[in-house]
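We just call them A, B, C, D and E in the order they show up, numbering each chain from 1.
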């Protein structure tokens, strides 16, 4: 699973960025461990992983602030290993934006152009142009501290885009924003990428950011890429238990394969819950093996045991509602199952009489196809 | 709407906290403006509102760090206006926790007991006991900086709970934590409240925290309480447009009542969308009036126009999918409606062939009961 | 705020204490300053009436400070010394800041403590130790090579070195504190946008440090200007103002012209201090 | 060029300096005020560099030169010695000749003694009166060698004679110390410079004190009750001199200055500033009017005859005296 | 290549530091120690030996003065802390945002005026015929002028005045960094004003307190003009002793010994202070 390539056929032609077998160690810490991937022109590519998994390190190598211990990085087909950071046509939006506080907006954007010696009139034109494109035509003379969080965000992007980079790197650029603004900027960023039609590489540990915005997402864990794919693929067909656990919410159990047949497996959790799953393509587990089992709360249907059964799926459990976590459209029940463990299931709470309440006896049902299991 | 009381009948008996007509001005700023409420024993009460609406000020008055300009605060039926903060049996968990960095965990927890002169052995016993209850029995001798974020959180609560307070105040205690931990702590806090069975007053501007954890939530805006109620009530029956907009996601339009009859209204948005709503209890709007209209994305059913119609509700619109924001169970489509505006609707993306894709023609449908409108 | 501050009587008492303290701080300066306007030959009571002679009069016995060549010369030397000390100290303070914030080398902590040390060595000792060393070297060179190294003899250069030796700790601390607040990603951002290392330093890092460098320079200048203990041992024939004034007071006898100088210095350095605080204030933190 | 003077406060009045600079436009005079000890200390630190002309007292040259080699011999042919009072010139030469070379010539002379406010302390006469309980808390002195010597004389010793027998001298010092420690309770404060002395005297905070004569003359100008009192055992007389630091760089200018200030009209200006008498023939007559009156009010001919000139300080004495002074300072008397 | 550049720039940055510390601090102090080990046996004749130190030990006046200087410096330090702490607390925690800057500035102004002028000012105020005494007579509170000058109390006041700013500045900066919520938490958990001060504010401010104390102690022990100008007939200060050795007795050798002794003595006091409070030089003086 260390190397992974995108399966999309269009990718075989022109890559903006190609990393092969990149390693990076800090002393004994392997921050990045044999990562390879290619990114086609004009796509929005995210790297999603928990804190400390090596995302920033990887990005800093692409930008040239760190040298890989081994491996090669090619931009537009040319290796950049010996190119210093200020000569790489890869621009970066930093986590805290790193706008220059002692310069105003105009000067921030003009900075890169001045460094490469663009002439005055040309700079004026380009700055004006990029400000128009980010829909902030009037802020050129503002000081940085006079901007709102979202505006700063866009200026940071404009400052890079005015240089017409081959690749734009974004290191958790929404991390510093507050909740509501973050939601709004997610959509905005995606629109900006369409606008500029430049390759974006986006780092985040927030799965919803990665899923919502990206054409392709790489899931990173402990320095390695676990899986690369379209958001839906990762969500519906995780290849490893790490991906299954990290992308989307899940009930997770440790268990064992008690029986297998051509179509699937019979599983038992350590606590004694029994369920079935179907055999996924290429899945190599067999009876007796220890496995991690995942079922997403949204796929579990919870109904009062007293109501008539519909066709809920191959798996069915009896339990009692421990508590209802009301959260509007994302409400959930915690159900105490037959062997005493808590199981989460999504529910719709309408405020009506047939809503589930703490203490209700419920039946939980889901299909075998929605039980995911991986060798532990 | 300035005063509001809980409707639950059990509340008439024993209140842990009762605030009546509290005002607080800082110079010309009215930070808290005529707020009244009562909180029954042992409940989890949240105050939810945007930044700067006066939440912290209200809490600081309860703790005794500010004096109300007018109004009364009673704890367990006794006014505490003349009680200094160190004599009020109301403990507080601060936003950044305010654990004492120069003391270790044991000393932090023992601090309050020492202040009231508890004897050594008793302190030992109580500290040990509270550490057990927060499931951190072994950290007594750790320094504060050796704890993880979630552990600090729990120590801050333990430090208060060891004093056996009448009321525990929590001022956005999860604000400083990272995403995953925040999710986990939400559930944990609720469990701890059950554990200690003490009244918790919880301040937040994050609606999901308030909804998930609380028995009752007060929605605060510009110093006033807009509505108090159970989370489901607020979500399903908002009384003001502020509440409708602040709690849960919504499509929101400015519009006008074009016709009314006994059962409801016919509405038209400024851009020309037409829809119907039912008349809610006590709602006093009439034809010709300007209104704000809210429809939650989860109540809008989006189906390909080509598939046969089910009974989707009284309202129906044609549109084309602009983009699909895949986010697992919380996926959403942006649909460009007939008059060109973007409408959000929740969808389920299974990865199968019948998923909606950008460019698909869709029909959006929702019931009149789920169209909320308020006088603008 | 702390609840005790809500207690009105307590707060009143506290404010009275603050007021008393500031009166205590101001009293000797006001006294020293106001006798500059006493129309008398002695800086003492009784009050003989108001005069500006001690500033502007151009003849003995009431030679005003702006006509007193020796005081003006002292002022001039103080200025020269102050400027040299601040330039040197700001330069070394800046390199020290980079060294300790950015550098990674063995025994860094030990060197850091060495850097702080001069601040806590009594000024008298700094003065004499430098005097002793300089004389030893000069005498040694003279004995052996019959060469007179005049710059090692008491004089402006030694005074500058003596003051520089501890002022640098102050400037280093001020500039280090600022550099620590510097977000290195600003430098990386500049590099990323195509700037060379030198450009980054010139356009990003130094501008960021500038307020601290200016403030440190002003502090250095003022500390140098008022220094007595260290300077006393190192001064040659070119005495800075404090020494001139001391000699005047101890060896000639003071007249209100010394008060006039004091008044002038109080006002002047107050203004400089104000500037340094204003410069150091970060517009963003408002 | 610059003429760097290392001299006593008031030994370079601005008026004279300007006059000098007018006469020699290419010479710029720079003045550092000092005292005997500091002159030696400074020149020791610079090895005799940094100054072009110094003015130590006649008794403080020989030992310092022996020990630190900070002066160079004078070229007497460049100085108009004819105007000098012969006895002073010979005395100074005798004191400052080393290996046949002369290192100093006299400039101004004066005395150290006592002063008193005659209105309130009419009977004040001798060194010992400083410790008289009737002036409890109203006298002052400077904690320097002058008071040691004066007290020794008042106790009937001749300290200068004892210079040749340092053990004897130490005995005298011990007695003096005992006396002065006892006396501590009687005095108000030790003065440190003419300034604080004048302030205490003029304001009436003290009524009598040990003093330089020049300070007393100055105060006489302010208050005719304040007069210099030559002690009964004799005032201590000193002669401040001209000496060339070993590495001075403007010897010519220095000689020009020496000759310049010895010119009669300049002598008057100088004495007006210093309050001391020039060591030239008829020095007393050249004093300005008020100073001459103060001197005549203070001295009778007998007093003048009774002057005790400071004797050369042999090696070791400075340390003995220093320790004695420290002992007095540190003793917790009253 | 990258690392060569790094090394080169490290060396370039280290050079000024090394020159400064070596040439102006370490070598001179070593020179001073060497000088202090020279005994004068005759004019221009010296021998190596501990004579200067032995003199110091044998002469109670010297070590009495040193002890007196030390203990008065400790007293001054303590008073400066006692007086300065409430001031710093007010500036950092109670004053409004705007008045804070102004108060801080007010605190700083006397800092920029030389010792000499400050002492001069005190003399004008405190002398028997000075401003205060005259004022008290004028308002009829006393009928005889009082001498406030020339005693140890005056020296202490003058020293406190001179150094208190160096106490206040680090205190303000540490207290400023203290989250108000910490104090509120202290009250909220039942502490009264005194407990909060003793158990929370003071421990939190410890690095600032220690830092202020070190600087203030060192400055006091090393001060010269204030004790000389304000001190009475019994006052003696060790720096004066050093000055005398150098200037009035030309005895550089024992002056150097005294200088070294002063440095050693004050360093030991500071070291003990650090030990007692459990702080280090790096996290106190360096931080403020």
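Brief remarks follow.
Following the convention adopted for this analysis, a residue touches a chain if its C-beta (ideal position, glycine included) is under 8 Å from a C-beta of that chain, and two chains touch if they have at least 3 such contacts.
Predicted model only: the values in this text are computed from it and were never measured.
The chains that touch both subunit B and subunit C are A, E.
Of all chains, the one whose Cα centroid sits at the greatest distance from that of subunit A is D. C-beta contact counts were set side by side for A-C and C-E; C-E has more. The distance from the centre of subunit C to the centre of subunit D, each centre being the mean of the chain's C-alpha atoms, comes to 36 Å.
Computed centre separation for the pair subunit A/subunit B is 27 angstrom, with centres defined by C-alpha atoms. Each chain gets one centre point, the mean of its Cα atoms, and the points for subunit B and subunit E are 55 Å apart.
One inter-chain figure worth recording: subunit B and subunit D are separated by 90 Å, centre to centre, where each centre is the mean of the chain's CA atoms. Residue numbers of subunit A whose C-beta contacts span two or more other chains: none are found.
Taken residue by residue, subunit C touches two or more other chains at 1, 3, 44, 233, 249, 254, whereas all remaining positions touch fewer. Among the residues of subunit D, those touching two or more other chains are numbered 192, 199, 203. Note for the complex: subunit C touches subunit E at residues 1-5, 14, 17-18, 21-22, 24-33, 35, 43-45, 91-92, 95-96, 98-99, 102-105, 109, 111-126, 128-130, 132-133, 136, 161-162, 164-165, 168, 173, 222, 225-229, 232-233, 242, 245-246, 249, 254, 258-259, 262, 265-266, 269-270, 272-274, 277, 281. Contact residues on subunit B toward subunit A in their complex (touch as defined above): 51, 178-179, 187, 190, 205-208, 211-212, 231-233, 235-237, 247-249, 296-298, 323, 325-330, 334, 346, 348-351, 355. Residue ranges of subunit B in contact with subunit E, taken from their complex: 63-65, 84-87, 90-92, 94-96, 98, 100-103, 111-112, 114-116, 159-160, 163. Across the interface of their complex, subunit B is touched by residues 179, 181-182, 184-192, 195, 199-200, 203-204, 206 of subunit E. Of all residues in subunit E, those touching subunit D in their complex are 42-44, 59, 61-62, 64-65, 123, 127-129, 147, 149-150, 228-229, 232-234, 236, 241, 244, 246-252.
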